[in-house]
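Here is the structure we will look at, set down as structure tokens.
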Amino acid sequence: MVLLPQALVDGIMLGATYIIIAIAFSMVYGVMHVIDFAVGEWIMLGSFTGFYLTLWIKIDPLYLLPLVFIIFSTLGYFLQPVVQRVLSGHRGNPLLMALVFTFGLSMMIRGLAQTIFGFYSHSIPSYFSTRSFFIKEGSFFITISAVRLTGLIYAVVITGALNYLLKFTDFGLGVRALAMNKDAAALMGVNNRSTNKFLFGIYTGISAMTGVLIGTILSISANMGGDYTIFAFFVVVLAGMGYLAGVPAAAFVLGLIQSMFLVYLDPGFTLVAVFGLLYLILVISPTGLFRKGWG
Amino acid sequence: MNRTLRIAALAALASSFFAGAQESRDYFKVGVDLELSGDLGTDGNFAKRGYEMWANAVNEAGGILIGKKKYKVQLAYADNQSVPAQGASAAERLITQEHVDFMFGPYSSGVTIATSPVVEKYKVPMIGGPESPNVWLRKPQYTFGTIPPVNFTGAGTVDTLMALSPKPQSAVVVGLNDPFSKSVATSFKDAFEKRGVKVLKFDIVPPGQDLTPLLSVMKGMEPDIVAYGGHDEDLIKFVKSMHQINFSPKGLIMHYGITGPAFFEALKADANQIFGAAVWTETTKTSSKILWPNSEAFAKAGMKAYGVPVDYDIAGCAAGGIAFQVALQRINAAPPLDEAKREQLMKALEAVDVDTFYGHIKFATEGEFFHSNTAMKILTLQIQNGQAKVVGPPSDMEAKPQYPMVPWDKR
Amino acid sequence: MLIPLTKDRRLLVFLGIFLAVLLLPFVVHDAFFIRLFTEAAMWIGLSLAFDVLAGYTGYLNFGHSAFFGIGAYTTGLLMMKSNWPFYLALPVSALTATLAALIIGFPTLRLRGAYFSIATWALARAILQGIMMIPYAGGNEGIQLKAYLNPLFFFYVMSGLVGVTFFVLWFLLERAPFGLKLKAIREDQESAKALGLNPTKLKMQAFIMSAIPTALIGGIFAYWVTFIDPASTVGDLISDQALVMVVFGGMGTLIGPVIGAIIIFAFKTLFWAYLSAYEVLYLIILGAVIAISVVFLPDGVLGAAFRKGTGRHAKGSIHVTTPSPEKEA
């Protein structure tokens, strides 16, 4: 019982990291209906970029986040038309083909990363990685690490920014319109192509930024992408594909499951539970916990 | 189109079948079946360095002296991609296509297990660097290892910890769920229990997890010692997580792997005072007449060749080459080796009993450590001021162990 | 049964090729090459099985390797722990796979498109993690079988199985109406129902037809390699490569996967044998191959070579309106 507050806090902290990964991913899915298998790879690329930038420029990586965002959003912006071409191709079930395409893309990026960055793992040093807060109340105690708290704050900020973008700007209006009905939105003057490009750019930018953060909290290596792709899938499916409001709750559920298994049950079964749950959710309610997913 | 393809393939193969004649040569051809890519690519590429260093040193000295003539060595590589099936295939290719005389083997236990039957079928002796115990349980006739398995070394490090004061009373043990890490954790747990230390928690976790919640629980238990079995990247994550929640036990022990270059680079001051195990370090007192006179000479050569300090796995691999040298000289075998000679080579390896820069090599010929090098001394290391120092056993102590550990936030 | 004469002739050609393959060991004596051919046969078989569900029925099973693993572990455990001989243990793999397909199929086949893919992928991973936790199955240390290193034996068993699979599938999918029925479901499930077809039953049959050869190949693999562990059997390696081979070769046909498997496997082996130093590039190239195939070769190599698609690009792009994740009455 004494452990419960710590387990909960850890779950929330873990969940915070997953939110940012999942939110952008879900957004892209909602509009473009593309499931990007390479989401983990964007994270990995971002973290390596952060690592090398910190090495060269010698600024705390958290201040480098905007720079990383700009680099990768530009990259995403120009990459998007290629993905678009796959989607509008003449074949049955373009969505599935897009999945396969991004799957091939993720393999390519991973291979390139292994070639360029080698097999070593690294850690991104940050002022915040070394601080923590300790709260003790009677027999309850909680330790909160500063860098994970930063992650939580980051998650809140990004979520807020995206929320603002979507609800209060014209661009956001266009995005939501496209998500609802592509043709009608086009009729109303929303430029499908350029909106998609911007959106994809935002997505890759956010994913890369998250990579930097993960590098400060944990570690980075050329192969790290796979784990994060899994978590992104899990959160997005649980929340309901394309349903952004469900993401925070779903992310926390994932974080809590892991935390509970590590604390109270046999940690060995953590991933069995995660994947098993993902499977069950899809089978029982593919539109997510809140039944508001696309479809 | 399908048909033409098949015929063309048939023709190509028919012609290559004729190219298999046994040639005569005046150098030894050594097959290297390694993890040059895939999950264990990092370790495999390190091991490669060890074999390269040996081959270069031997050739620089003119070759291996057999009788009155010196024979150089040539390495033939095959990547097993960290996959067991591929390891077997690579071995078969090296043996039947490249006609190697003997082989250096995989680093991963799983791949070694799949490769052993192949080398045994063709009677090609192989020395590799796997570190998990299950490789030797099958008593592979033609496979040897220069690095003792982790369940052999785990107990030794715990002994050193027991000599510390105040004497540790409690411990928590965590291991990842892969053959190596799990054996590390299990051997720690068994050793602790044998010495009367209370193991408060023992968990095997799937790789790829963020262990913070588990660590928080362990922090609450206030153990004296934390023992962890994992690989390079996981070790880094583990220490970082501990620092983030300010969990500073009195002692932290991992196993092989704290001496890897990535570890220091990533953790900097946090790496200090962590305990580990090794069978060899740059400062181990050894003396030998073969190739490198002592550890220092090898370390210097490695630094010169690769620009980074060499580690025990590189040393162990190079020492494997030395074992072959000694065995070849004993049976007076000149290349190319036919099956009968190779069988003799295998027996000669079982008889090897030699001092090298790496330590003493003598392969066990029975028991659970069959064909593993049980003559090595188990050293307990501790990282002090960025360098790995031997702190146990007392006969080899280079520095006194620092215990208890300085808490993370005071560094 | 509508069988144009042309198809009959092709059958004879295939039989001829199969016979030639069986006679191969009389020409090639090198054990290593026999091993290569055995592995090539393995991939052909895996690709064929994958395509039954993927190309013909339109369901991409990203968890395909689960069947491989089930087959490998069934045979492996029976032989190791209960000392069954190989020829008895192997058929049991087919049984367990069928059982698994039935249990997994009913809930999962209701899903559509990408949802099905992710669900099967998640389930396969759950199974992998599960095996790691079962001591009886050897956990992550794997299990080691008694070595029986007869290359010819495995060559014949593997080629035999794959050959039989090919001909059975040829008959069922290209000559019998079954193949057309599957394609009907792939194109438009609702209309298929209107025609009187039972999609659930057909999908399940396809699923089982995809599972059995895969599991049998897995069983042979276990005995052949003598060591299996979760990662090398249930891991992504198997499904990923089968996917590439099928997409590259040409989905929805039987020859497509065969060609795809041969080309990709040959490429991979040559790369591995002669360009070992650049092995890392293989991953990049494989990924590029998939990506490019999807964009430029919608019907794979076969389609591009013969300009004979599965009729897919005749369908036009406005095919997908709002595919719901599940659609089952």
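Note that the chains are named A, B and C in the order they appear, and that numbering of residues resets to 1 at the start of each chain.
Definition applied: a contact is a pair of C-beta atoms (placed from the backbone, for glycine too) under 8 Å apart; a residue touches a chain by one contact, two chains touch by 3 or more.
As the structure is a computational prediction, the values presented were derived from the model and not from experiment.
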Review point. If you average the Cα atoms per chain, which one ends up farthest from chain A?
Key: B
Check your understanding: Taking contacts as defined above, which has more of them, A-C or B-C?
Key -> A-C
**Study point:** Centre-of-Cα separation between chain C and chain B, whole angstrom
**Key:** 37
Check your understanding: What is the distance in Å between the mean C-alpha positions of chain A and chain C?
Key -> 32
Check your understanding: Residue numbers in chain C touching 2 or more other chains?
Key -> 129, 132-133, 280, 282-283
Practice item. Send over the residues of chain A in touch with two or more other chains. Key: 114, 268, 271
Practice item. Mind pulling the residue numbers of chain B that touch at least two other chains? Key: 37, 39, 41, 177, 206
Point to revise | List of chain B residues in touch with chain A within their complex | key: 37, 39, 41-42, 45, 177, 203-206, 208-214, 216-217, 219-220, 232-233, 236-237, 240-241, 243-247, 261-262, 265-268, 408-409
Review point. Chain B touches which residues of chain A in the complex?
Key: 2-3, 6-7, 10-11, 13-14, 114, 118-123, 125, 129-132, 134, 141, 143, 145-148, 217-219, 221, 223, 227, 258-259, 262-263, 266-268, 270-271
Point to revise | Residue ranges of chain A touching chain C (in the complex, touch as defined) | key: 35, 82, 85-86, 88-97, 99-101, 103-112, 114-115, 230, 233-234, 237, 268-269, 271-272, 275-276, 278-279, 282-283, 286-287, 293, 295
**Study point:** Residue ranges of chain C touching chain B (in the complex, touch as defined)
**Key:** 13, 17, 20-21, 24, 27-33, 35-36, 39, 129, 132-133, 139-142, 144, 147, 149, 221, 225-229, 231-232, 237, 255, 258-259, 262, 266, 272-273, 276-277, 279-280, 282-283, 305-306
Exercise for review: Please name which positions on chain C make contact with chain A in the complex.
Suggested key: 58, 60, 107-108, 110-111, 113-115, 117-119, 122-123, 125-126, 129-130, 132-133, 186-187, 240, 243-244, 247, 280-295, 298, 312-313, 315-317, 319-320, 322-326
